[in-house]
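Please go over the structures that come below.
Next come two complexes built around chain A: one with chain B, the other with chain C.
Moving on, here comes the complex of A and B:
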């Protein structure tokens, strides 16, 4: 094949690899953001045993950085016009591609398990809120924080506490129909209207459910790992196809 | 004596003023619920007519016909609480309730407390798969297969 076309292919491979390296580094950063869990919702997935959104984020941290390093190696291999180096590059990229595929698919499937509907989150809340075990403490702390920050009560609403039996009802059901974190508070953290809240006065407590907030946060994590991972993978796929064509034209 | 009061309340309502009684409705009365598993939230007697007066809420559990009285003071205007909370009841049981203040009584209100469902009954299995999951899985699987094919072709085209 003409030397001019070969040089053109080499330039294309180098540019695509440079962009893929940048995309890989961005994937690394986004996956670190998910793994750090700034919204502190990990116990909801951890206690249920379905914490693969975070496992997928950890895999994406490694694959993102690996893409970055391998694409730089690919630039070097393309410049050297070496068949052996390019084959090594192709095989390593393929292995990283497989791992990143696993990460993207795992994250989006686990999101469906956790927040496809409100049942799992509701059952977990009823079972573990106010429970004395380690899991119970994690869930109680997480829910208390969510109820305060998102100004909500229960999963679909305060009626969850009335319609279902729960650990909380077993312990405090005679005094409190729902946790005190469901009550509106003043800026100094005191409950605004304790009697109104216990009786169920709508103006003294939060009446919307927390599921929408929890679902939006976990979906945000999932889209960061799976959709962005998917975008990077499609770009890398395209880069690898061009690299394979370049490899076949080398002698 | 209480049964006599009940009969009086039913028959002699024309001679005495009738106190309105009802279970509060979540849609109209600004509360989360009126019927609880162990209590009822009832509309208080009017604060301007009966404010600060000594009142009694008589309630009978059906079918055991066990009767109880809850004495309380009607709050004066302006009233901060949304209603009177009658507690200590049993799940899923029907009760007859009425107010009695001095000579006035209310109609007999019959209502049932709610039942609680055990949380273990909630089905937390996988709900339907989302479109995103199907798209990502299918397209990535095809991409992986294409890459394997491409690698094999490039290795064996030497």
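Moving on, here comes the complex of A and C:
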């Protein structure tokens, strides 16, 4: 192969590695965002034992940063025109590729378990809201926050509290049909109309269900880790193929 | 007994007289937009506007909440004496087995519910006081039972039941399902999951395959050529010197290196001076 083509290939490899390094760093940042859990919905997945979305985010933190470092090493190896360094680069990239595949697949599979339909979230809410255990406290705090912020009540609606028995009903069912966080509040946090809320007036309480909000947040986390991870992996696949061609042309 | 029968007949007559007036002569569910009209242990009713059209000073409307199966039993026990009914079935124990299965609770004075001010925004919630224990308190109903309601118009001064409405329709209270019965297993796999998993698996496998092909092409091809005796590239040998030119004698700097300067000629001039080489050789005269 002529020296001109070799140089061209080297430049292409360097550019692709630079872009992959930037993409890896972005994956690192996005995965940190997911792991930090700004919406504070971790207990909903943690209590049921299905917190793989967050586990996948942790893996993506490491693989994203590893992609960044290895791609910089790849730029160096391409400049040196050294077969040994390029071989090391290819092997390390392949191992990181496998880990990132695992992260993307885990996140998107686990999302189906958690929020494919509203049953798991509903069952958890009925069992653990107002329960005295640590799980109960986590779930209660999470749901109180969700009901206030998203202005909703119950999973599919307030009817969940009426149709099913629950820990809450066993403790407070003679006075309150649903938690007071379902009620509309004034800006000083007092309940606007306690009587109206207890009887169920639509003007005094929230009537939509919280599942849509919970599902949208968890889906957002999942798409951040899995679809963006997928995009990075496709680009890295292409980069590795070009790097392999470059390797074959080196002497 | 006879007076009782007569009084009962009179009260029935007065009821028949009023039913023809277009009044809704029974308790009804509240029509407004409420989330929990019928729960497992409470019911939200309309307030009794336009139920009793009689003017009656000091009359108070009371509500009877009873299991639907006990309607007729209650009617047969109904006398005009209010204290009988009010004290018969005190709340906390009212629904225990072998007791009367009803309770009576106050709704409000008749004067508070004139027909002209009928409003659907107000409501009366049966069961509002929870598990209470006062006299004639508004306690919760048995979970999941069928209940009906009846209004009683009682004169508070002389404690006589002036009028009694019809029984309402039988209302079935919700039974609370056990949350353990919810099936929280995997519902279905989303399309995104299938796409990501399949494409990534194929990509990883393809990458591995290409990696091995690359190794084969880069290394396996070369060893084949060497075994046929031809190097495809110049051999590199360690520790040898490569210089461009090498001579056995050091002949640098001499103009005619193979001429012998000590050669003496025989003296015969076989050639003229023009043909003899001109440099470096002496000619002797003979």
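Quick note on the criterion: the second predicted complex is superposed on the first by the 251 of 251 C-alpha atoms of A that agree within 3 Å, B and C clash if a C-alpha of one lies under 4 Å from a C-alpha of the other, contacts with A are read in each partner's own complex, and residues count from 1 in each chain.
Keep this in mind: contacts are C-beta pairs under 8 Å (C-beta built on N, C-alpha and C of every residue); 3 or more make two chains touch, one makes a residue touch a chain.
Bear in mind that the values here come from a model prediction, so they are computed numbers and not experimental data.
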item: Chain C versus chain B on the shared chain A, clash or fit after superposition; value: clash
item: Partner chain in contact with A:159 - chain B first, chain C second, else both or neither; value: both
item: Touching partner for A:211 - first (chain B), second (chain C), both, neither; value: neither
item: Footprint overlap on chain A, comparing chain B with chain C; value: 90, 94, 97-98, 101, 104-105, 108-109, 111-113, 116-117, 119-120, 122-124, 126-127, 157-159, 162-166, 169, 173-174, 177, 199-202, 205, 207, 226-227, 230, 233-234, 237, 240-241, 244, 247-248
item: Touch list for chain A against partner chain C, complex; value: 48, 90, 94, 97-98, 101, 104-105, 108-109, 111-113, 116-117, 119-120, 122-124, 126-127, 157-159, 162-166, 169, 173-175, 177-178, 198-202, 205, 207, 223, 226-227, 230, 233-234, 237, 240-241, 244, 247-248, 251
item: Of all residues in chain C, those that touch chain A in their complex; value: 32-37, 39-42, 44, 123, 125, 130-131, 140, 174, 176-180, 182-184, 186-190, 192-193, 196-197, 199-201, 203-204, 206-208, 210-211, 214, 217-218, 233
item: Residue ranges of chain B in contact with chain A within the complex; value: 30-33, 36-38, 41, 80-83, 85, 87, 114, 116-120, 122-124, 126-130, 132-133, 136-137, 139-141, 143-144, 146-148, 150-151, 153-155, 157
item: In the complex with chain B, residue positions of chain A that touch it; value: 87, 90-91, 94, 97-98, 101, 104-105, 108-109, 111-113, 116-117, 119-120, 122-124, 126-127, 157-159, 162-166, 169, 173-174, 177, 193, 195-196, 199-203, 205, 207, 226-227, 230, 233-234, 237, 240-241, 244, 247-248
